[in-house]
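The structure under discussion is supplied below as structure tokens; questions concerning it will follow.
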């Protein structure tokens, strides 16, 4: 965004210089289109930077001279200089406001294990900037000063209560990681409030399975050892494993910073076998968002995709680049765009 | 492209301003290289925008001061300002024309089911702009007012006749989706006219199999139900399935626009068991182009890649990002570049 | 990089023009922040181009007005124009030097078969530019005038001797392709000198297996035929197979240029069954770097990832885009960045 802003700055500055000098030059004719007293601004930069419309949605129809959004002709720009289009801020405001949120959405983002609701702070801020409504509920056993003695049912209930209390309807309910098991159970209780479920590198246990059941045997053993080693029935991940398998694309400093905020996870809900018969009978549209460097589940026969994802039956698949834990924090804008792709109608 | 054009505009404008003012500045010395009356233009922007040479092919050899294309030293630019290279339009025209089409190719693009030859309009326009020759034949049972009562053999014959009538040789024959089964059978009839086969997320049935045989059982059942429900032995896809599994990366509006142009597909050819013994004996070079969010075949053991692709034996693999149906329409330039990567010598 | 340099050039030039003209304009107020005699330069462009800090590491914290690197607030920029930040060259030098190499690393890059140590010239130059220490040892049977009559043990010994002679410690030891088998055996001999092993699309044979054992049967047959056909127990790859399966994303000219430098490979070491018991008992951190268009091993059940990679046990996974042989040559900067991601602490 800074890169593009630099260009806007440079071209604006250059335009003013040109106007004052009134040079005779090949570009001058085009620049004359800039009427006295009316600044024209770059169509693309303005729509991208001010109205958060993804650059890939914007094109120029050379056949008829219209600017296109999503492949539809929208308006004829006032000026074209060397293939770049310019128009007034007012015109672009109208276009930007119309196109930026064609279909408003309300997202409810449910975090995973070893995290709390602050995990989605960056992503939620980006979604909000894009014009969407976002909620990031905290659930039982997580967040500051929470008692770690919780059941999966208490976790589910806390999210259901949150949604009911705020009276949310037509929500896109997203679960990350362990949050996948939570949104499955929440969907069983309040299916009519949910327009789409999004599983973001999230567990999709089959009926009667636990989250831990999704892992290969050696990792299940590790979880059992870590659980036994704790005094309060929680699991704390060793840093070396966290760094290489959950934050693999992060720098060491970022990995350490994220790790320093991780809290030991209540073990019980991770091992609970879940009755998911109702979930698998629900007719709610579903999406799976997969980051292709995510190795929280080792890639291969027991990996996120297509092993967990395919349990959703017919589902929308969206892929991005990143790891399990750090990318949503270091690249919240990219993740927000992927969440919109996964969650929109 | 607009972004880069904006930069060209800004730097040109700025250069004129600088020349007129004749400022004493650190950049001034470099700018003096711009001789009076001879405009220098950006090497990179000109080669990319006017001659459609992919930016990744262009580099600067700091060791000897040459501009490189594909890693080969090509020419010493007249001016270098802050690391960016500039030369005359004439020099760049010579370079651009030489490098843009080092190896001319003739593409014949064969569309898939639920589509017609207009499917490749955008991609063909981009290939044409890049200097290639492109044909997009319509085949039996498809296009405006076509009778839907066709066999796979009639489809094959119509493409063979098209290629013979236009007297095409040394073609790169590409099939998309169901078009894979078509180019297999076309190749059996006119192998000597084909220099390479490209399967673009295309079915590669084994000898004796149909297109429908490639799907998992539940989808085969769905096709059978949809076929039975039609009055003219065609299959019309429900929008919700089309939107989430074929146009998964598109916005709703784009998905709807594409869907509105889809025509019910003649069912017969999709279910025909194909004799492909001769195809599997042919010694034509082959490529598979795969978009990694394509879920027309559910990803996994029965997915496009490597299940369909590996049937080609030794083949060239090219991968991009996108879905089955919308990406060729919304990002025709990117797809054209991938097709060149897949089809070139 | 040239693209960004162009922008820097344009904005610098424009700034000078603006200062001299002292125009009254909306941008002028911001530009006034540029004090007389003190040039401000773009924060992003300077950190990226001069200090080789990846653009994705740099962000702007709108909450408090700080420039961030890796998500940490670093400094408050002197000027912000249309969202782009500017500061003095001195400030950015301090930041750049601190952030560019937070954690110095010493890389030892071990090439693969049909190559020599020059294979990593481009990548090594990029790593060096980024501030890292790099070594690219030549091993027995490879390089100019080498005798082709070598064993796997001689190859291993030559790398071990190289590392000992240069007295290298705390190295990141990377093996590419066949080089994977070499670094496995080197690690058995000098584990205490290695802080991390990186397998870059590299073979990870299991105990008692050879490199050739990793291939599907038809390719093993091909290797046997090619070996039998040679007079000096080497294997020379046919160009058509090299071009489509090892240099699949390259242009024909690049593929030919690389092929012309390939030397017949000593066959013996490729077929040697390796005792790897000690390797699999070592407790050295490991990474696997995978390029997703690499088909040197056919993708699928016997592919690089996760079949070879998963043998590393707990490992860090990094993915990029490219093929087996050409990408490290045509895009050395990108590969260098991926190697840093794979190799850093």
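For clarity, chains are labelled A, B and C in written order, and residue numbers in each chain start from 1.
Note that in this section a contact is a pair of C-beta atoms (placed from the backbone, for glycine too) under 8 Å apart; a residue touches a chain by one contact, two chains touch by 3 or more.
If you want to know which protein each chain is, UniProt gives these names: A, B, C = Alpha/beta fold hydrolase.
As the structure is a prediction and not an experimental result, all values here were calculated from the model.
Overlaying the C-alpha trace of chain A (Alpha/beta fold hydrolase) on that of chain B (Alpha/beta fold hydrolase) calls for a turn of 120°, given as a multiple of 5.
Because chain B (Alpha/beta fold hydrolase) and chain C (Alpha/beta fold hydrolase) carry the same sequence, their contact can be compared by residue number, and under half of the numbers here are used by both.
Distance from the chain B (Alpha/beta fold hydrolase) centre to the chain C (Alpha/beta fold hydrolase) centre is 29 Å, each centre being the mean of its Cα atoms. In chain C (Alpha/beta fold hydrolase), 7, 10, 14, 17, 292 are the positions where the chain touches two or more neighbouring chains simultaneously.
Contact residues on chain B (Alpha/beta fold hydrolase) toward chain A (Alpha/beta fold hydrolase) in their complex (touch as defined above): 1-3, 5-10, 12-14, 16-17, 20, 39, 49, 240-241, 243-245, 248-249, 251-254, 257, 292-293, 295, 298-300, 303, 321, 329-331. Residues of chain B (Alpha/beta fold hydrolase) touching chain C (Alpha/beta fold hydrolase) in their complex: 4, 7, 10-11, 14-15, 17-18, 21, 23, 25-27, 31, 42-45, 55-58, 60, 70-72, 81-85, 102-103, 285, 287, 292, 305-307, 309-310, 314-319, 341, 344-345.
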